[in-house]
Structure formats: C-alpha cells, structure tokens
Amino acid sequence: MNRNVETFIGCDSAYEDAGIVLFGAPFDSTTSFRPGARFGSAAIRHESFGLETYSPYQDRDLADISVFDCGDLELCFGSAEAALKDIEEKAGEILQDGKMPFLVGGEHLVTLGAVRAVIEKYPDLHIIHFDAHADLRDDYLGAKLSHACVIRRCQELTGDGRIHQFCIRSGEKAEFEFAKAHTDMHKFSFEGLEDLTEKLAREQVPVYLTVDLDCLDPALFCGTGTPEAGGVSFTELLNAILTVSKLNIVGADVNELAPMLDASGASTAAACKIVREMLLALYQ
Amino acid sequence: MNRNVETFIGCDSAYEDAGIVLFGAPFDSTTSFRPGARFGSAAIRHESFGLETYSPYQDRDLADISVFDCGDLELCFGSAEAALKDIEEKAGEILQDGKMPFLVGGEHLVTLGAVRAVIEKYPDLHIIHFDAHADLRDDYLGAKLSHACVIRRCQELTGDGRIHQFCIRSGEKAEFEFAKAHTDMHKFSFEGLEDLTEKLAREQVPVYLTVDLDCLDPALFCGTGTPEAGGVSFTELLNAILTVSKLNIVGADVNELAPMLDASGASTAAACKIVREMLLALYQ
Amino acid sequence: MNRNVETFIGCDSAYEDAGIVLFGAPFDSTTSFRPGARFGSAAIRHESFGLETYSPYQDRDLADISVFDCGDLELCFGSAEAALKDIEEKAGEILQDGKMPFLVGGEHLVTLGAVRAVIEKYPDLHIIHFDAHADLRDDYLGAKLSHACVIRRCQELTGDGRIHQFCIRSGEKAEFEFAKAHTDMHKFSFEGLEDLTEKLAREQVPVYLTVDLDCLDPALFCGTGTPEAGGVSFTELLNAILTVSKLNIVGADVNELAPMLDASGASTAAACKIVREMLLALYQ
Amino acid sequence: MNRNVETFIGCDSAYEDAGIVLFGAPFDSTTSFRPGARFGSAAIRHESFGLETYSPYQDRDLADISVFDCGDLELCFGSAEAALKDIEEKAGEILQDGKMPFLVGGEHLVTLGAVRAVIEKYPDLHIIHFDAHADLRDDYLGAKLSHACVIRRCQELTGDGRIHQFCIRSGEKAEFEFAKAHTDMHKFSFEGLEDLTEKLAREQVPVYLTVDLDCLDPALFCGTGTPEAGGVSFTELLNAILTVSKLNIVGADVNELAPMLDASGASTAAACKIVREMLLALYQ
Amino acid sequence: MNRNVETFIGCDSAYEDAGIVLFGAPFDSTTSFRPGARFGSAAIRHESFGLETYSPYQDRDLADISVFDCGDLELCFGSAEAALKDIEEKAGEILQDGKMPFLVGGEHLVTLGAVRAVIEKYPDLHIIHFDAHADLRDDYLGAKLSHACVIRRCQELTGDGRIHQFCIRSGEKAEFEFAKAHTDMHKFSFEGLEDLTEKLAREQVPVYLTVDLDCLDPALFCGTGTPEAGGVSFTELLNAILTVSKLNIVGADVNELAPMLDASGASTAAACKIVREMLLALYQ
Amino acid sequence: MNRNVETFIGCDSAYEDAGIVLFGAPFDSTTSFRPGARFGSAAIRHESFGLETYSPYQDRDLADISVFDCGDLELCFGSAEAALKDIEEKAGEILQDGKMPFLVGGEHLVTLGAVRAVIEKYPDLHIIHFDAHADLRDDYLGAKLSHACVIRRCQELTGDGRIHQFCIRSGEKAEFEFAKAHTDMHKFSFEGLEDLTEKLAREQVPVYLTVDLDCLDPALFCGTGTPEAGGVSFTELLNAILTVSKLNIVGADVNELAPMLDASGASTAAACKIVREMLLALYQ
C-alpha cells in the first residue's frame, strides 16, 4: 500500500529525469494588506486536479514533459531573512543539479530568495517582471525585506537596465521615478514585450521570469491581497508567456494567489492554468 | 387566497397558450469536481425577480410572449439513468404538445435526456454546443453517463458532423482528436458561427441548442463547477444566441450554474439574463 | 495622544483649504433587491488604505490636492425623505463655503439630496449619469422616492434634455420610452460622451456627475445590489471620467457599492480607485 | 402540466381546510445594522425541503395537520407604514376566516402589522415575546416605526402588563427602565415562563406569540442582523414553545432570519425547524 | 529530493508497523440536499496541520502510536455500487493484513462498503452509530443505495438488535417505527451508551463504530449537508468515543464533513480533532 | 465641519479624563496557520456600533465611565521585534500618565509588548491568561518571538508561579510539562479561578489580564486563526471577567479575532461585547 503523494497534476517525473523542479514557498509575513498568499502553493497543487494535463493552446501535454514537484518548504513566519535563506538554498540545489527551479509563492518577496540563487549561477541575469505593482520601494515602514521592495532588492543585485517590468499600474510616485532611472518599466500592458524578447534573444542572455498574478485584472483574479483594477486578461498573459518562452529562461516563479479571498475557486483555477501553461512553455 | 406560485419572471402563460415550456433538472450526481449545479434551476427561477422582463438588446418583452414554467423535476440522486429517463419523458410530453422544451440544469449530463426526446421527433437533428469543455470522453472513471461524456453520447445519436462545438478550451488530448474525426469543433471562440448558421438555415434542419454557461469567462461567471479562464464575454454569448435564433431551434437548454460558488449572486444574475435573452430570441 | 481620525486616504486637508469635501450617505432603505449599499461609504474609506495616493494614469497625487473628508452622515433608516433632507443640507453647507460636494453612497437615491442642493445654486445644471439602470420609473410599488426613480425625480428638477445617461442596459420598456422623450440616453456604452463633452464645454454649463458603479461589468464589480452583465470596463470608466473632467463639474457622487456582496474585496478596491481618480480629475 | 407551487414543506392543505395560514413579510427597511431579513421568509420556505415533516420531539407530523402557505406579500421598501398596512390587512383576512395567522418575517417591525389585526379581534390580547433585544425605544433616529421600537408600539396597543418578554439581553438603559414600569420583562432566559403560562392559562386570555430568532445564541443562529452572544439554546427555545402551546394562541410570528449572513445554511435550517415545531405545537 | 507526501498529522508510520490504516472515500453522489462531503477527507488531511499531535484529554500523542494514511480512493461519481465495491475492497485488504480500517468520508453511504468487508471477517458484528439522522429508509426516490438508507442496508447484514443508534433527532415517522422493531435507537443524546458498553464488553463482541459528524450540534459543526439543530456538544461526543473505546472496535469511520459549507474552517478543525481523538482512543 | 473620528462605541472621553486607554495592535506576522488577526482591532472598533453602551449584565453604561481610544498603531509587518517595541512604548506612555493600557490585538504575541511595559512599572506582576492554547513553546520553527511562545516569553519576565492559565486545551506535550514546573495551569475551564482571585486579592498584587478570544468555543467564536473545539461559553467567560475584576488589574488585552474568517459577523460582535464588558468591569 502506498503513501499519499500529492503533486501538481502531471508533475510526477522521477527527480533524476526532471527538467523543471516545482517547489512552494508558503510565506506571506510581510504582506501589508490582506494576507493569505501563504496558502497559494498548496491550493494550486491541490486544485490542479480540476485541470486537464493537455493544453489546447500549445497542443502539448504535461504527460510528455518531465517535472518534479517536491512540495512546500517549511518556512518560519515572522522572519523574512530566514525564509529567504531557505528558498535560496533549495533553488541553489535544483540549479546545481542542472534543472530549472520553478517557485510557487507565497507573497512576492519569495522571488528574492530564488533570484539570489539564480544570479549566483548566471551573473549576467535579466529579470522579466509581470505585476500590477512596481515593488520598488526602498523600505516599507522601515523593513527592507518586504513584498513592496522586492524588485528594488533584485535591482541591487542585477544593476541598472536588467529588470524589465510590465503591466505596472500602482506604486508611489517615487517608485515610478526610480524606474525611469534604473529599470525598464512598461506601464499598464505588455506593450514592448515582443521587441524586448527579440533583443534579449539575440543577446542570448539568461532570463528569470517572475509573474505576480495580480497583473491579471481582478475581474478574473480577485483572489489576491491587493487587487488593482485595470489589469490584463488571461489571454494577454498567456500570450506574454508564450512570447518570452523563446528566451533562455533559467528560473521562474508565480506568486500572490491568496486562495481564501476568492471563495468561488476561480482565481485558484486560473493560477493552476497559468502554471500549466508556463511549465509547458518553459520546458526545454 | 392563492397558493404561492413561483416561475421564472414573466413566464406565467397558461400551458395551452405557451410556445415554450421551461423546466428544471436539479441533478449533478456525476459532477466530478465541485458539485452544486443541482441548485442552478431553482436559483435562476428565484433570482429572476431582480431582472426586468424587457430586453433593451432585442427591444422585446417577456410580457409579449407566452412561456410556461412547470418547475423542477424531482430527480433521483445517485442514478444517472433514472434521472435521464425522467427528463426525456418530460421533454417528450412537451414536444408532443407542439411546444419547445427549454431545459434548465443541473449539470450538463441532463442535456442527454432532452436530446433523446428531441431526436426521437427530429431524427435529422443538429446540435449547437457552447461550452468551455469538449465533453467528448468515452467514459469517466468507468462511467458512460457522466457530464464529461455527454456530447460523446449525443454524437452516438446524431452521427458524425451534426454536432457543432464552440468556445471549447479544455479537454483531454484524445477528445480533441475525436473532435477532428467526428464533430465540428471551433476552439476558444464563436468564430465560424455565422457561416454555420447561414448554411444550416439554408438546409432548414432542426437544431438543438445547448449552452454550458462555463463557456463564459469566469471573470463574469465564476459560479460553476469547473471555471476555465479564457472564455467569451456576455456580449459575445448574447450575439451568438441572436445569431442562431435565425435557425429552426426545436429545443434548448442552459446548464452548469452552481449558484453557491458565487456568493455575490453575479453568476446567477448573468444566468437569468441569458435565459431571458434566449427565451425572447428563440420564441417564434 | 490623538483621537483616531479616519479619512479616505490622502484626504486630510484642513476644511478651510479644501476644494472638495467628501461625505458619506450610508442609506439603502429603498433598495428593492439586495441591500448593503449602506456600508459602501465606510468600506471605501476604510479600505482606501490598500491604495496608493499616486495615480500613474494621471501622474497626479492626492498629496498635491486638498480634500476634506467629514465622514458619514447619520441617516434615519425607513424614511427616505428625512435622509434626503439631511444630505441636501450637508451638500448645501459645502456649496455655500465655495467647495465641491463629493457624495459617496449608499444607494442611488442619495443623489437626489445632493442634486437638490446643487440645482439651488446652479439652476441651469446638467447631469451626467453613468449607470446600468435607467432609474426613470415614476414610482416603485407606490413609492416616489426610490432608487429606481431617482433620475426621474432629478429630471423633474432639471427639465428635458439636461440629463445625459450612459451605459444604460436595464429598465422597464416604459423607462426607455420616457428617455426618448425627456432625457439624452446612450445605451450600453460611453458612445457619444466625447461629443457631448465638447458641446457642454462650449456652453460652459455647470454639470453634476453621478456614477452608479454598477455601470461597470459585474466581472470586475459584483459587489452591488443588482449586477447587470454587459457593462463597461474599468479603463472605459476611467477614460469617461477623464473626458468629463474638462467640464465645469460642480458636484459629484459615487454610489451602489454593497461591499459585503463581494467578499474578495475587489469591488471595494475598484470603488476606492474610482474615487481616487475622480478626486484627482475633478479637483480644480 | 402544473404550475410550480412552492410552500413550506407539508403546508399544502386547501385554504378552506386550513387551521393555520402561513404568510411571509419580506421587509427590512428600518433595520439599522445589517439588513437581509427581507430574504428570511423565502429562504425558510425554500430550504424547508431539507427538513422532514415529522417531529420526533412531539411525535407529530405536518402531514396530519392542515396549514395553508399563501407565499410572500409584495411590500413597498422605504415606507414602513405602507408595509404594515398590507400585513395588517392580510392578517385580518385570515382571522376573519377563522384561521390563525402565522407570519414569517422580515425584520421584527412586521409584528406590529399582525398585532394590529389580532388586537382588533381580541382586545384583551397578551403578547409573549422571545428576543435578545428589548425593542422598547420610543423612536430610533426620529422614526417611530422601527424594528427597535416595535414592542413599544405594541405596548401602546395592549397597555401595561400585557407584554411578557423573555431572553432579553440588550437595549438602552432607558428601555430596561421602561420595562420595569410597563412590561413583564425576564432577562437572559425563559425563567418564569412556566409560571406565567399557568397563570395565563387559568385566565384563558388570547395570546400572540412573537419569536425574534435572535433570542437564540449566535453560536447556533448567526444569520441575523444583530447577533447577541449569551442566548438560549435550540432545546430551550423548543421547550419554551411547547410550554406556551398550552395557551390560547391566536396569532404568531417568527422573524429576523437574514439568511445571507450565514452562508453555511445552518441558521436557515434552524429557523425551518422552529417553524415546523411551532406549527405542530400551535395547531389546535 | 523527496516527493510531496501528505498524511493526516502524525500518521506517518510504515505500513507494516501500522495498527490502524486511515483511508478516504471522497464520494457524495447520493447526497440529496447540499453536496460537498466528497471534499471532507482531503480537507481533514490538509487542515490537520493546524492541530497538535498531543491530546491533553487522553494524555496520549499520535507520535506514540502507529497509523498509516494511504490517502483517498479514486471513486466513480454517479455509480454508488461501483464506489462501494472499491471501498469494500480496500477495507478488506486492510483487515486481511490484521489492521483496523479507519474510513474517512464522504457521505454516510460509504460506511456500507466498510461494513460489508468487516462483517465478512466478523459475522457477529455489532454497529454503534452516532448520527442526527436515522438513515433507515428503505429507499430514497427509488434508490436503495442512498445516504438516507445506509443503516437500513447495514441492518440487513447484521440482523435485528445489533445496531445501536445514538443522538437521532430526524427522520420520517416510518423510520422511527422501523427502529422500534429492528434497532436499538436512543434519541437525542448518548443516554444509555455506558450501559450498552458494559454489556457489549462483557459479551466481547466485535464492534464497528460509525460517526456521522452531524450528530454534533450545528453551532459547532455547520459544515455538513443537513445540519440539525439540537445536537450534542464536542465534549459529549468526545466522552462517548472514550466510552466505546473500551470495546473491541474492529473498524471505524467518520463522515459527512462538507468543508466548503463552513468557510471559517471551524467544522473542519473540529473534524480533525475528532479523528485525532478516535485514533488515540481506538488504537490498541 | 469636523473630521471623521472613529472610536470604540462610547469611548470618547478626553485623554486627560480617561482612566483606561484603548489602543489597537494590528499585527499577525508570526501567525503560523490562518492569518487575519491584524484586522481584529479595526473590526472591533468599526462594528461596535451594532452594540449598546449599556450592559444589562453589570447594569453599567460606557457613558458613565471615561475611556480614550487612540486608534491603531502603525506596525511593521515582517519584524516582530520592531512591532513589540512600538507596542511597549505606547503602553509605557499610557502607564506613565497613570492610566490603564487596554490593548486590542492582533495576534497573541502583541501581549508581550504590553507586558514588558507593565512589568517595568509593576515588577511583582501576576498574569492571568485565558486561552485555548498553552503558548509555552520555547521557539516555533526557530523563532523565539512567535504567537506560540508568547506566554513562555512572559514567564521569563515574571518567573515561576506568577502566570495563571485557564481553559487550556491544546499544545505540545512538552508545553504541558513545562506548565507543571513553571506556571499555574488550569486545563479546559475556569475551575480554580475563584480561589485564585481570593488569594491574589488578599495579596494585593498587580495583575495583567490577557484574553485570547479562542478560549471561547468555536461554536460562538469561529473567527479566529486556530479554532479549538471544546471551549467555554460566552457566559462562562463573562463570569470569569467579573470574577477577576475584583483584583488590582493594571493592564489588559483582548486578541486573536480574525474577522474575515467569520463572514456572519457573529465573532466580531462577540468580541465587541467582551470588550464592552471588560471595560465596564475593569474601570475603577
């Protein structure tokens, strides 16, 4: 008789064979408004069974690729630094084994842990960032490690011009000014993504993709801590993912689903579908 | 003093005068993910009182047409075959009286009961099918009578090329392959519907229209068991209904509202509006 | 130690300096379907702290304008006339002090209180009305003071041709007929708004803007008593607000958020954002 | 084919044979805190199908008694006086036909309509009142017709000493003082009910029973506008009903279920059970 | 790197060492009112992580006993007989290996599958049944295999006088009459349980314990399809479990948690606690 | 025109006159299971308007005592130490002004901030602790500052025998062992509280009262992160508060309401009532 193994649907490859390793970071201690993103990764795994493994968009099937799901990390609430260290370590281990880390949050701060590990291996890393929020504050109520500062911290690692932000529609005035000087910000939509992709593809640089699901319009995706009206549609996000899949993606994450906030389950179902499409598109 | 009669708003014609007979099939026993469609028909009837009888889209009023609402069937949970038999019988009775059966589900399997009755009277029946899901599995965990197999069972009745599917964006790989060989499937949208309508209108064939409300995007319609991001808008569905209303529609259904899953009531309100527009458009 | 002052975010100007005065009217006694709009103004104030004061759409910041928030009126439930009198009085006081009243409902009937005060000062007032519903009934179950009659009552004050309705997609047949004779109704969308704005700008007339948030599609905004599928998007509403901001707006309101109906908080967040954009756009 | 008749379970007697006539008053316009009681009567009727007609507590079955359910009145929101008049008229008609009116609210104010009709026929009426709240205010924000004043208005009809209040645990200080002078108030529990029943039984006076369901502890019954911790249990309320059933009950009501506030359905189920037990106990 | 194994908290023994084997039966196809019990077993497993492994009631710890959790069966919706066969098979396998099957539902019908396997091994089986409902119907709308008939079906296996029912407070009149003739029914409470336990202990008979969680009062446990006011408290149920633990319990189940119906999570938490206490009490 | 001041109902004394100062600590970063307690203090303040200022239990009125409500602290999420420092500072300021600090959480960890300030002034402090959970862990996943460790941290400040715990029904085995050696723990109920009160009253020691609302049974109070079945009733908690009010209470807190988890509002209403009764009982 077997133990009860739970994975994201279709992600039951042996570790050795896997090209992508999915892992969850159930952490949301720095969330300043509505918490609950800590339950995101478990909900995505659990509810993925309402999904098919086959994508009619890509005509590809999770059954035909090899992904390993190692479950959720056990992270310490109340200490952002300790949580980031654990995430970094896990991502590092996956990279060392020659596989792509695919992180499922949790709040957006968890990205920093993965980026630290990835940039260690790929110092010339670019980051593509889909989000409603700029996340470029220097600190939030005194804290440097906050979901509202995560891209600012990443920028300190990559340097100027290596972070490409899309769909941004919320932030302090100062964040938008910072972006003008230090990042490549595209407001409101994915305009410019195709051109950027062509350019980065030519340069053959390694790219990390971070998807804050609140880039989606709250119409479709209200299960998130800080919903911002005026976002992109599922089809737009899907197309953006397919676009960047032509790049050399060396790490990726999806974050900010707070499943309890959308009791209908539609936000979680949308997140599951985004994860499926990303896995299929990024698998090489 | 009168008993408490409840009907869909404006559907208070005498049976003899009615051109359309609305009836509910509160059944969802084969639903494999989130149940609750059993409460769909009662919710649509009950919440229709938040709606006007007049449609500014069609400039027509339910007060000007004759519809009879005979309420919900009392169906046996746990036996799909028994439930289908009761539905078939009721639809048959309505057809025999020269009226159009208008079935409100319930899960999508209930369509099979109505189609059995309609095809008995109209052996050259075509089916137009709006849905997120292909519903073309041969069986689901061994069961032949399942919501996931309903169009496959219908195809066995109509034969090849008589089933026209629109908006489909989910299914197993095998279902999409089956569709290539046996049905007329249009993925993701209503593309092709106008051409099809012209063709079927010329051929003057009888048509059954089955609307799985999850063809709508979950943004608008999250109150359904298996929400699939990437669906059509209300306006697109409305236009599709107006398009096919030029055909000889001999039976129709609306299904898969699970009202409890959308506590805001917006999904139920949308379903009520779709029912009103269908009644106004299909009434002849 | 200070008392606990709560305002809409960034609306902490001194009264003397304020150009706009925001006040709430927590009233929904005449709501005929789902009540709860009484909680709208408090929720908008309370949840505004999830919002930034800066608008990337307008590149303006609430920190740079002067708005005073005097909280919610204490209104009597069960007596529409008494509630309207209190609203009229407060709006009158604000107008007398040379400031713009900005009313947050509550149900749509509250508009009548503000309009009474504004038209007293500006007898040649025009009203621009964004709504899903015509609100042109003469009475509702015998009541003349009802949310379903509010624009009819306003029309009695302004006379013919002075009320400009947009996005209307629900009402009795008789309301649409009334509109043909007495108001300037634009069904379903904002089509015609640019032309109207140009014309009214040339005429330099004073304008009152009333925004029933249910003009938005329930996909984004399900937290309202009578959701009507087929509405406008956030971006469309935002653009409409920016368009009319070129006019001489002398009073405005936002109403019909029923926050409890959307447990995700997305409707309240959208309402907060609309209020921020209106304040920034209408401030002169 | 029959129309869709909906009644409280088992209440399908012919009007002529009925000893009790159940009718709903879906009104909550004066509710000052959380509205929703307007949906109480319809929910009780609709959800009663989850109940058995047989009571193991009384060993009696609704199938053995004759009750007629004439559905809900169509009441005007926004005018308490108009609503009360309609309720009084309906109750009067039932009384004239020699049957007992059994009113299902709605907010507690609806009781006043029924009591006006009953006291017209039985001028020596006593009222037994189960409630968390005293409901003895003279006015509420200026309104004399408010849920918070309903027993005060009844006291003006009956005079002193004829109103017997139980379970009361909330009110202004002034209400408790009024009670000392004018009503027979028993705080917190049903203590004293047996003695009172014996006394009233000896005197053979006609009695009206009004049950505000918020007398129940919110543990069991949170689906009400103003839940007050510290209430009685279901068993205590059931026993109280059985106790007073020995009296000459000439009218009764149940009110203040706000079904949307308890999404689990447990409050509505409890209300249905109380209605069943009251019908069985009061039927003579 | 390890796969993601999920078990009920503390149930991570090796299969060989285990004295109890926990397995889930996510089935609710015959539920006639509110479905959702299918999600019960997964929710109990998932939410058990909010629980401690130590019980201060028994001063015992799950860490000190050996339980194996083999996860949920994959059952066919829409066919009760197929589902029961799968459950019977799994329970039989566990019994054959000399371990106690501990089944977590699902709806109450799943008990029949386990009882069929247990009675095969222990033909002189007694059943102790805690429930709000008698579950003694001969059929439900024609179906013999229904949650409302499960104890009737069990009685056909055990014969008269071997089924001991407690807390029963709902059913048709005919069910209560059947009970008088064929089962040992104790209405409303656990009265009589201590005496019964002493008697059965003396007789050293094998006993199956089936706990329908709706025996609990809906105050504590509203997350169930058919809540029945007037139930027992957590402490009373706990004491009842401790009482019967002195018997030779050879199989047990817990069922009828429908987690989605109680969004607070309190019902699921209570169910987890009952499972922990049962495992600790029944482990020998 | 006045700014919008919001206080707990009836707590509108001038600061100088106040005997008690109420302040909120909206912090829940270390919550390990369901977060949301951060919204507790604002919800209690906001929803208190559904409450009367008069208590029939104590025959006292908030209008007759002087309490100042200074609102919520703005605390940094993600850093427990920073948050505790801010709470300690505010409590210290209140104590220095000769008033009693009355803290409303937030998660239970906030107590440590207040206790640090109180013990500074009263080194011989005793703590009376009502809670479902022992909160005596030495660390939680490595963190010393966690809701699960708060009483352990307090014990390090008071020393042995000065902490008196009641209603405890959950914890690790090691916590119960720690309690035997170092605290005065009373499991499951308030048994022993009267004796303790008499003893401490004789000794005239200063006492801090900390009420984790999850000591209440989840039947009444499900709006909390970790509901534990088997708790005390409202009446029992009220009586316990009245009992300890005879002591020299020098500081107090109420915590762990997570209002979003109980959408009915009943948990928040219960918390408001507990706060009212505590203010009335502890005011000297």
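Order as written gives the chain letters A, B, C, D, E and F; numbering starts at 1 within each chain.
Heads up, the rule we're going with is that a contact is a pair of C-beta atoms (placed from the backbone, for glycine too) under 8 Å apart; a residue touches a chain by one contact, two chains touch by 3 or more.
Keep in mind it's a predicted model, so treat the numbers as computed, not measured.
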(request) Over half of interface residue numbers shared between chain E and chain F means same, under half means different, so which is it? (result) different
(request) Among B-C, B-E or C-F, find the interface that matches A-E: by residue number, over half of the contact pairs should be common to both. (result) C-F
(message) Need the CA-centroid distance for the pair chain C / chain E, whole Å please.
(response) 55
(message) Measuring centre to centre with CA averages, how many angstrom lie between chain C and chain D?
(response) 39
(request) Could you list which residues of chain A touch at least two other chains? (result) 34, 217, 219-220, 262-263
(message) Per the touch rule above, enumerate the chain pairs that touch, sorted by label.
(response) A-B, A-C, A-E, A-F, B-C, B-D, B-E, C-D, C-F, D-E, D-F, E-F
(message) Looking at the complex, which residues from chain F come into contact with chain C?
(response) 1-7, 15, 21, 42, 45-46, 68-72, 93, 263
(request) Going by the contact rule at the top, pick out the chain C residues touching chain B in the complex. (result) 33-34, 168-173, 176, 187-188, 217-220, 222-223, 226-230, 261-263
(message) Show me the residue ranges of chain E that touch chain B in the complex, using the header's touch definition.
(response) 28-32, 34-36, 38, 74-80, 82, 140-143, 145-146, 260
(message) Help me check something: in the complex, which residues belonging to chain D touch chain E?
(response) 49-54, 56-57, 61, 217, 219-220, 234-235, 238, 262-266, 269-270, 273
